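When the chains are written out, they are named A, B, C and D in that same order, and each has its own residue count from 1.
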Amino acid sequence: MTTPDTPLTARIRDSFDRQHAMALVRAELTGIEEGRIEISVPHWTGVEQQHGFVHGGVVGMIADSAAGYAAMSVAGDGATVLTVEYKINLVAPADGDRIIARGEVVRPGRTLILTQAKVYALRDGTEHLCALMQQTIMVMRDRDERG
Amino acid sequence: MTTPDTPLTARIRDSFDRQHAMALVRAELTGIEEGRIEISVPHWTGVEQQHGFVHGGVVGMIADSAAGYAAMSVAGDGATVLTVEYKINLVAPADGDRIIARGEVVRPGRTLILTQAKVYALRDGTEHLCALMQQTIMVMRDRDERG
Amino acid sequence: MTTPDTPLTARIRDSFDRQHAMALVRAELTGIEEGRIEISVPHWTGVEQQHGFVHGGVVGMIADSAAGYAAMSVAGDGATVLTVEYKINLVAPADGDRIIARGEVVRPGRTLILTQAKVYALRDGTEHLCALMQQTIMVMRDRDERG
Amino acid sequence: MTTPDTPLTARIRDSFDRQHAMALVRAELTGIEEGRIEISVPHWTGVEQQHGFVHGGVVGMIADSAAGYAAMSVAGDGATVLTVEYKINLVAPADGDRIIARGEVVRPGRTLILTQAKVYALRDGTEHLCALMQQTIMVMRDRDERG
């Protein structure tokens, strides 16, 4: 994914940078397009579960955020977004040097946005699907996200 | 919840302690019973999202773990468990001094276990529901969890 | 469940009676309370799947409706409700003389209502859990449901 | 979708034809390929909800079946499949002359298969997305589906 240098990009980066939990797991915003966001996290000791793979909770966290920001990227100026709910299938261990979540908008709406995310483990130079998520996002207008 | 000192308790504590991601977010195993597990996390800067509440990803992480360990607590000796999938509704911001996830088994099965978790924010001494999760767990037998 | 004779009861019965699909599967509204609705369907040939049990689709249909009407029962006068999404686990075959779905409100909200439904198969005089559903409902105000 | 005349096609048709609930709603198996199944239902009075659209329960029913048969189509000879759970977002009213569900396998596995279905309303000659479903299927081997 390419990341154009636009006001949208700046706004999403700014929001991402204010999330301490993303920094805690060392997640990075690695792709921003309208309707599509990529967040990835390197494999490091701090995010492991008991078998040495990346924790499913961290997989869920970056999938949720990637799809949420994908929704925010189409919601219009001044709108903020909230995760109403999501459902995630963990289909394989997050076994790789890097875990990559790609969120995208399936159907935008004025109040609700339907999104999806796929999460891949980058292992031996190849991406292996490890999770699929389906998510409902609610759009909030006329409200500063900092508020 | 009380936490009796049994082999089950020791086994779940041991598994929990090997999860680096749980230590990273400062999650604690605060209750162990057969079929019911409580995991909680204090509110601290590292787990915040952009509004200063606890990140939804961390809420999902402790809900998933609490319900997963609840399943493990009924799966029998030598069995390990895997999260197949879960669905979580985030109904209010995780706004509190402590976030408490309580997982429980709804229906045990030989291969699949259906569980549920409720997550509460402890604020001004009162627990406020912030998330509800429904989860499918798969039981793996004859296999060392470390393997 | 008791079914008191109130304007709420009349309003929900009226909406239910206009759903041809409910009549098609022979579903009946068997309990109405504020925040709790019961819909059940007798076992008859028309709703069977290939093994002679009641079809999972019919189970989902009455679970969705029971929980949706539970939400409607707390949404206030003039409000109508829409199913945004639901997730259902089918934990056992719907094997019984009658299949009973009980929906209830978990957390009401101004725009979104979180609900849950349990579905039981009545067999040999005992209710056996066959499905658990978690659902998100959206409230629409100032709009005639017929519109 | 094309429907080749193979043993797989015959097996899926045979199973579909034994589901009375599918006949009740007048659902038809309109496409069979390995890993992809299409089931559609005409708009007729019997499947309507209170606004005259096709009932969400019927939408869920054909989505669940289409994705389940998609899983069966890759599960191998003699294997049968069970729906463990599904999650469906209803994004628009099922407003059309015909409602078309297309299920496909996202990730096959020995015990569990992850699938997805999209449901469209055919209106004025154009397909409009009305639902998205994500589903977990369990494979049962060495067992006659009639059993």
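Criterion: contacts are C-beta pairs under 8 Å (C-beta built on N, C-alpha and C of every residue); 3 or more make two chains touch, one makes a residue touch a chain.
Note that this is a predicted model, so its numbers are computed, not measured.
A.B. asks: Just grab the chain with the largest centre-to-centre distance to subunit A, centres being mean Cα coordinates.
C.D. replies: Most remote chain from subunit A, centroid-wise, comes out as C.
A.B. asks: Select, from A-B and A-C, the pair of chains that is joined by more C-beta pairs in contact.
C.D. replies: A-B
A.B. asks: If you average the CA atoms of subunit B and of subunit C, how far apart do the two points sit, in angstrom?
C.D. replies: 30
A.B. asks: I'd like to verify one number: the distance from the centre of subunit A to the centre of subunit C, where each centre is the average of its C-alpha atoms, in whole angstrom.
C.D. replies: Each chain reduced to its C-alpha mean, subunit A and subunit C end up 34 Å apart.
A.B. asks: If you average the Cα atoms of subunit A and of subunit B to get two centres, how far apart are those centres in Å?
C.D. replies: Centre-to-centre distance between subunit A and subunit B: 22 Å.
A.B. asks: Could you tell me which residues belong to subunit A and also touch two or more other chains?
C.D. replies: Expected reply: 84-85, 87, 89, 136.
A.B. asks: Give every residue of subunit C touching subunit A within the complex, in rising order.
C.D. replies: Residues of subunit C touching subunit A: 84-85, 87, 111-112, 136, 138.
A.B. asks: Could you pull out which subunit A residues touch subunit D in their complex?
C.D. replies: 87, 89, 91-92, 106-107, 109, 114, 116, 129, 132, 134, 136
A.B. asks: In the complex formed with subunit A, which residues of subunit B make contact?
C.D. replies: Checking each residue of subunit B against subunit A gives 15, 18-25, 45-51, 54-58, 60-62, 64-65, 82-90, 145-146.
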